[in-house]
Amino acid sequence: MFPVEVASMEDSGSWERPGRFVAAEAGYEECEWVIAGAPLEATVSYRAGTRWGPARIREASHSLETYSPELDRDLDELAICDLGDVVLPLGNVGQSLARIEAALRRPVRDGKRFLVLGGEHLVTLAAVNAALARYPDLVVVQFDAHTDLRDEYLGEPYSHATVMRRVLDLVGPGRVWQLGVRSGLREEFALAREATRAFPDVTHGARVLVEELAGPLRGIPLYLTLDVDVLDPAFAPGTGTPEPGGIGFVELHQALLGLARAGARVVAADIVETAPPLDPSGRTEIVAAKLAREILLGFGRGEEV
Amino acid sequence: MFPVEVASMEDSGSWERPGRFVAAEAGYEECEWVIAGAPLEATVSYRAGTRWGPARIREASHSLETYSPELDRDLDELAICDLGDVVLPLGNVGQSLARIEAALRRPVRDGKRFLVLGGEHLVTLAAVNAALARYPDLVVVQFDAHTDLRDEYLGEPYSHATVMRRVLDLVGPGRVWQLGVRSGLREEFALAREATRAFPDVTHGARVLVEELAGPLRGIPLYLTLDVDVLDPAFAPGTGTPEPGGIGFVELHQALLGLARAGARVVAADIVETAPPLDPSGRTEIVAAKLAREILLGFGRGEEV
Amino acid sequence: MFPVEVASMEDSGSWERPGRFVAAEAGYEECEWVIAGAPLEATVSYRAGTRWGPARIREASHSLETYSPELDRDLDELAICDLGDVVLPLGNVGQSLARIEAALRRPVRDGKRFLVLGGEHLVTLAAVNAALARYPDLVVVQFDAHTDLRDEYLGEPYSHATVMRRVLDLVGPGRVWQLGVRSGLREEFALAREATRAFPDVTHGARVLVEELAGPLRGIPLYLTLDVDVLDPAFAPGTGTPEPGGIGFVELHQALLGLARAGARVVAADIVETAPPLDPSGRTEIVAAKLAREILLGFGRGEEV
Amino acid sequence: MFPVEVASMEDSGSWERPGRFVAAEAGYEECEWVIAGAPLEATVSYRAGTRWGPARIREASHSLETYSPELDRDLDELAICDLGDVVLPLGNVGQSLARIEAALRRPVRDGKRFLVLGGEHLVTLAAVNAALARYPDLVVVQFDAHTDLRDEYLGEPYSHATVMRRVLDLVGPGRVWQLGVRSGLREEFALAREATRAFPDVTHGARVLVEELAGPLRGIPLYLTLDVDVLDPAFAPGTGTPEPGGIGFVELHQALLGLARAGARVVAADIVETAPPLDPSGRTEIVAAKLAREILLGFGRGEEV
Amino acid sequence: MFPVEVASMEDSGSWERPGRFVAAEAGYEECEWVIAGAPLEATVSYRAGTRWGPARIREASHSLETYSPELDRDLDELAICDLGDVVLPLGNVGQSLARIEAALRRPVRDGKRFLVLGGEHLVTLAAVNAALARYPDLVVVQFDAHTDLRDEYLGEPYSHATVMRRVLDLVGPGRVWQLGVRSGLREEFALAREATRAFPDVTHGARVLVEELAGPLRGIPLYLTLDVDVLDPAFAPGTGTPEPGGIGFVELHQALLGLARAGARVVAADIVETAPPLDPSGRTEIVAAKLAREILLGFGRGEEV
Amino acid sequence: MFPVEVASMEDSGSWERPGRFVAAEAGYEECEWVIAGAPLEATVSYRAGTRWGPARIREASHSLETYSPELDRDLDELAICDLGDVVLPLGNVGQSLARIEAALRRPVRDGKRFLVLGGEHLVTLAAVNAALARYPDLVVVQFDAHTDLRDEYLGEPYSHATVMRRVLDLVGPGRVWQLGVRSGLREEFALAREATRAFPDVTHGARVLVEELAGPLRGIPLYLTLDVDVLDPAFAPGTGTPEPGGIGFVELHQALLGLARAGARVVAADIVETAPPLDPSGRTEIVAAKLAREILLGFGRGEEV
């Protein structure tokens, strides 16, 4: 186990340990938020790199301030525990999903919020499954360039292109909100019209959601899944299947701030599809880290979790 | 020749052949659109890489869906033939232009539309020449950051900095529309004021063009030349002489959609100056591929070709 | 010394010498503007590369035209002298600042404007000090993502995170304008509210400044410090601590054009925190070079210097 | 199907089609060698990129001459058919292996030699299986930095770390030669001592093999599997798990030339673990292409196939 | 502090924590070796990046096996404690050195061996100082391309170009062995001839050292400082001032194995000047990690520490 | 012209001017060696980047010491004048060669040695032509991976693949030595056997040349052309058509040192085909700079030039 003895070295103040999200210094018992890395990369169709998402997002988080001027809150005021990464068996998709779900089950049972750092989008399926155990009326809010509503992809039912179809199977029609989608098959768009709440315009979608949070969705537990490719590739080039025509960071940030100010009850979230090797400038992982910070700060002060 | 025997292997369905634009599976005879690569790189002044444009744009096209939600059309509904790349003699600009023009002459004669994937902007001169043989009243619509109206560049009459001056010589005053230009010599801007229809603001220029399509330009054959540097370098960093201050992908996309919905009769087009090695994120080639898809879908259903 | 004899070679016209900003061909005595490189990189906290800023910005300047269509001016109409880079002793921050200040003192004394190409933001402290000797009523206009108002950073009083606090110490409360700031400690934002003119919205800030230029600030000498991270990382990824959520190039350009048209009396300026190795597309150095050109052209025609 | 009509265009000579290995212009029926891409990337443990191996090796092959001065042979003298890539279902290892094996079965049945371009090392298992159907006495010669003899890796029996254990299961003790191995578990080295012919020194191993080719192995069909990481990372940096301490290209080349000159009867081969995105210089794919050329030329003139 | 509570989660086996050297799982008290990161980058003259050395070397260590076939030992048999990185105040060289020395003092006092992961070469000065407190008769063995014997560099006495001069001041003439040096001023080579044991040929130098270990140096405590630029840039391109003409990995490895087999009593060591951002292939950090493994295994089983 | 006034600024010592080869501080009149950049890139067949050769080699030269321990000489002891780059008209091969030749004619006439920094190999043709005017009995020594003896390449007589055939036309059979060649057409190797002195083994070739320097070639003026691809791509990855199987830096260095010690009378030289953008580690330009230093030092002290 970890060398706790170090703490007794008189010069212990002069050491820093890499490998955790900034300010995630709480122990598991007292924490409000759990951070979990899920470096899954098993069904990626075009370009790889998501396995390095959790490590680089954590690293990038240290280049940011812990204080958000828009929310006027600081990570130091929250109790956050970074559990590390779920161990994944390579080349076995089913086992990988099972392990991610299993690893998240206890934090959910213990009433903690969790934030998953992906990893490819398929991790959302495992994470939603874990959350449903406690929150059967969960509503999923998806920020994404792609519908991800295929029934299968090259014959496989579980992939980053089918993940939201599987999630839809789990939570049921009308309980998935899709914001920013601009790519898919004709069939997927047809299904979206029937079974999801789909808004190509993120700002519009967020406004409608805020309105419903004051009405039909009041108090409903939300799951936020944030595929970084909802942003235009100019803002998040480090992702496997970038789709030109997306929004800028400011619009996405405003949508999240809007939800936070409306008191949305986000009980779990993920940020997926960050593929650091595809972005030598390193800004995609910084974007993901800043989104993570705003989610932690924006939804971390609920009356009840 | 190509191994047609493969088709008779019982497991032929399990092979895929790289090297063609997505869904470009028609034979030459039945096709409506011809795709031709022109990997010219001979007069580039600053940074090289355009020779890899055609290969990488084709590759990137496979990361996109064949369906365009904005146009509600699918490439599968079109007959597209990818002819490959024109063979170019290195270090000989005149010969290279002659070969590109010669290679495009037959598709033009056969009444097919063509889309050239560049290569540096100079390829437009050869392609316009080929198109003029059938469409003497051709109007050229140029999306570009640079006027490209120099009379010569370092003493040479043919270069990526003089190409539109040569095109202007061919089609005559008033028959070149320039959208998005923000860089040039004082003399070039003066010439543009006299001899071209120049609109620094792409959205404004496209709106005026759409209006004229309903009037003086009704039925006129259009040639579309799209220099990716019309986009801000944030959206298309993989280009030789990026010029800050350009538009975003959404604006350019909207301009094209506007022309398509106005029924513009685009008989030929090119996408030039994509220099993949300068963009390790690979998004410039994806941008070019998506623009190619929208051009094919948007202008592929004309009453007459 | 430099081989002036070359000028007498009959074929001297066929040589070009690398290493100077485009069109900076004036001698020191007759010049209006002095360009000075300050490749400081001593207190950078996250990612390095600013030492290559001056060299790459100069190189990139040659990919641009010398003519600005917005200002309708050309660098050829100005007398600009590129002095090269200040020699900096590695690993000695104090000495480095002293040498930068000393090197700039003579151009200031001689009534010339100067433009410093950084290097990290700390160079601004030395440059402002040099300018204050002649312009004691100097007002500093800072375009930046970060407040840079920490009193110390990891125990050190001089760093890129504290530089504007030190500048504020020099020029006094109310004489620093901060445009575009979106990151800092809670304490820094509190200080900004008290002691600086702070505008998260660059366009708004520039408009207020233009108004005051017609009133209380009429004729006041301005120092412009331009940290490229005021731009969103999409537009300037080559910088050490990119902060998502910034403005686009067009907005920044418009703000500068607004100041130029309002007749702002900019007596000195710097462009800092360009870190070329972090941006393989090379567009950040082109952005910096274009901003440099617009500053030289926009503020180079003052009635008095 | 493919546009054979193009052949009838009078200017067809001026087009080139990308996407095939250099000089691989034979049809299937008349060919001696089949080239097959297997872009598998499913169990990679550290860094990804092998999926781009086949495409980039083909591209790189065109930068080489078709003539080998060491062998004094030219690819133009061989009949080679490039079948393209096997279509692989993402995220399903078993299915992927089955499809690769199925795709190779017919060329084997038709008495053709095949060369597989990987993809990760696991493809060797499928390819050896296909070859065994015709050559039950096959001996496998492995050039590799790693033993790849684990029985399982993170619980999975099929991975790039266990592939040679599975191959050993198929062909039996003593029928796998391992050259260049320098990394593995203590257990793997113990197994190698018992069940394989293991030579850390490639040159030594090749010499012993050549000797046995004149004796006990005379006429025996060989399968050559070439993991590019047998080379020192200096020579082949573009690979997932580079292991310092390998040989140079010249030594590996000499070993292959030795086998060729000894008349080794290589009936099938693969080149695996080339991960182009990890090597921006692009030399790893050129190394792989040159090795492919030498294998085709060196073992392509057998008395019987 | 660290969340020890996690250990009590029933599914704790499914988590892994990034940020430590492979197999460095011992607590401080029981450990034989201490690993300490010293990400110093303060006096680098050409290209930066050493600050990322410790993090990337740790990461790369997980791509290697823990077993060394040459030494037939496994890291699992050693008790290694990774203390993390020394916290360094940016821009203050003196303070940085003082903190590194202070941080290493306790492990030395407690009789533990330490391995420092740099960071620039200057860290060696602090580390040697820490070791001298217990081992006043320390002999320093330097593998390096550069003499590093300047008395000052640009006026500064402490820099990566003067570090071995300062070390020589500390340990005295004849107590520094320099292996592989091929670059320096004429004056530095002159000083080396007088005051150090200098061997341009690493293999030769190591052999002489092994001989003296059986004689005059028997039992003497050694400090090993390994600048990765002793390797040819082909083998370790990720370093600030690569010097062509160096040795290959195999030669360096053999030299270390020779010392290990001769029973050299290495009480402390460092691996410095790894600059990961300069090597996109990532092999330099793997080279450094493998050298670290071999040092830990080769010198970790002394009779006395 | 250049600001010579700067010299009179009291603090002029604190400025450095970028853009010249290290220690090339002599004026033209007094210099022994002239350095000329020739950034030609017009006939490159595979990957581009040679245009950046001169600029990056100069920059890299400053990372090296000016002292060579092997030659025990220092650049400070030589009078070297860096003339800058020849201005080249883009896209016009003939004009480019004419301008390079014209630019070198005067230094040749004035009895100065010159060193050309390329640019693609075709520059050698212009440079040899310039040298022949004074040294009609010139012998050309070529270090290269490729024969470059094609008569034409894609129909063009002037290209980097035909350059040595054109040189052979100029100097005549038997007056070209080719060292290190390992790639070419069968016809080229046949021609080499007849008309050149060809040595695949560089060390062997250099030894034979040294022998003849003491005999038939005594006093003969030599032209050295050094294509960096003679090195294995491991040592010089930044080149357009890397050919695996080359020598290491040490062997090439030794060959040059051998010629220098044998008193070879090198009257002109070039280093070509360095393509910096293809080598993000930057070591190829450092290799080229070190070779340049050794050529300047090794052949710079002739009795007569």
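Think of it as A, B, C, D, E and F in the order they're written, each chain with its own count starting at 1.
Keep this in mind: a contact is a pair of C-beta atoms (placed from the backbone, for glycine too) under 8 Å apart; a residue touches a chain by one contact, two chains touch by 3 or more.
Since this is a predicted model, take the numbers as computed values, not measurements.
Common neighbours of chain C and chain E (chains touching each): A, F.
Shared contact partners of chain B and chain F, listed by label: C, D. Greatest centre-to-centre distance from chain C is found for D, with centres as Cα means.
Shared numbers divided by all numbers used gives the overlap of an interface; between chain A and chain C this overlap falls below half, so the copies present different residues.
When chain centres are defined as mean Cα coordinates, F lies farthest from chain A. When the CA atoms of chain D are superposed on chain F, the rotation angle comes to 120 degrees, reported as a multiple of 5. Taking the options C-F, C-E or B-F in turn, the interface that duplicates B-D in more than half of its contact pairs by residue number is C-F. One simple way to say how far apart two chains are is to compare their mean CA positions; for chain A and chain B this gives 38 Å. In chain E, the residues touching two or more other chains are 45, 47, 87, 232, 234, 280. Every pair of chains meeting the contact definition is listed here: A-B, A-C, A-D, A-E, B-C, B-D, B-F, C-E, C-F, D-E, D-F, E-F. Looking at the complex, you find that chain A touches chain B at residues 45-47, 182-186, 189, 200, 232-234, 237-238, 241-245, 278-280.
Interface residues of chain A, counted against chain D in their complex, comprise 41-45, 47-49, 51, 87-93, 95, 153-156, 158-159, 277.
On chain D, the positions that touch chain F within their shared complex are 62-65, 67, 69, 72, 74, 232, 234-235, 248-250, 253, 280-283, 286-287, 290.
Within the complex formed with chain B, the residues of chain D that make contact are 1-7, 9-11, 13-20, 25-29, 31, 37, 54-55, 58-59, 81, 83-87, 99, 102-103, 105-106, 280.
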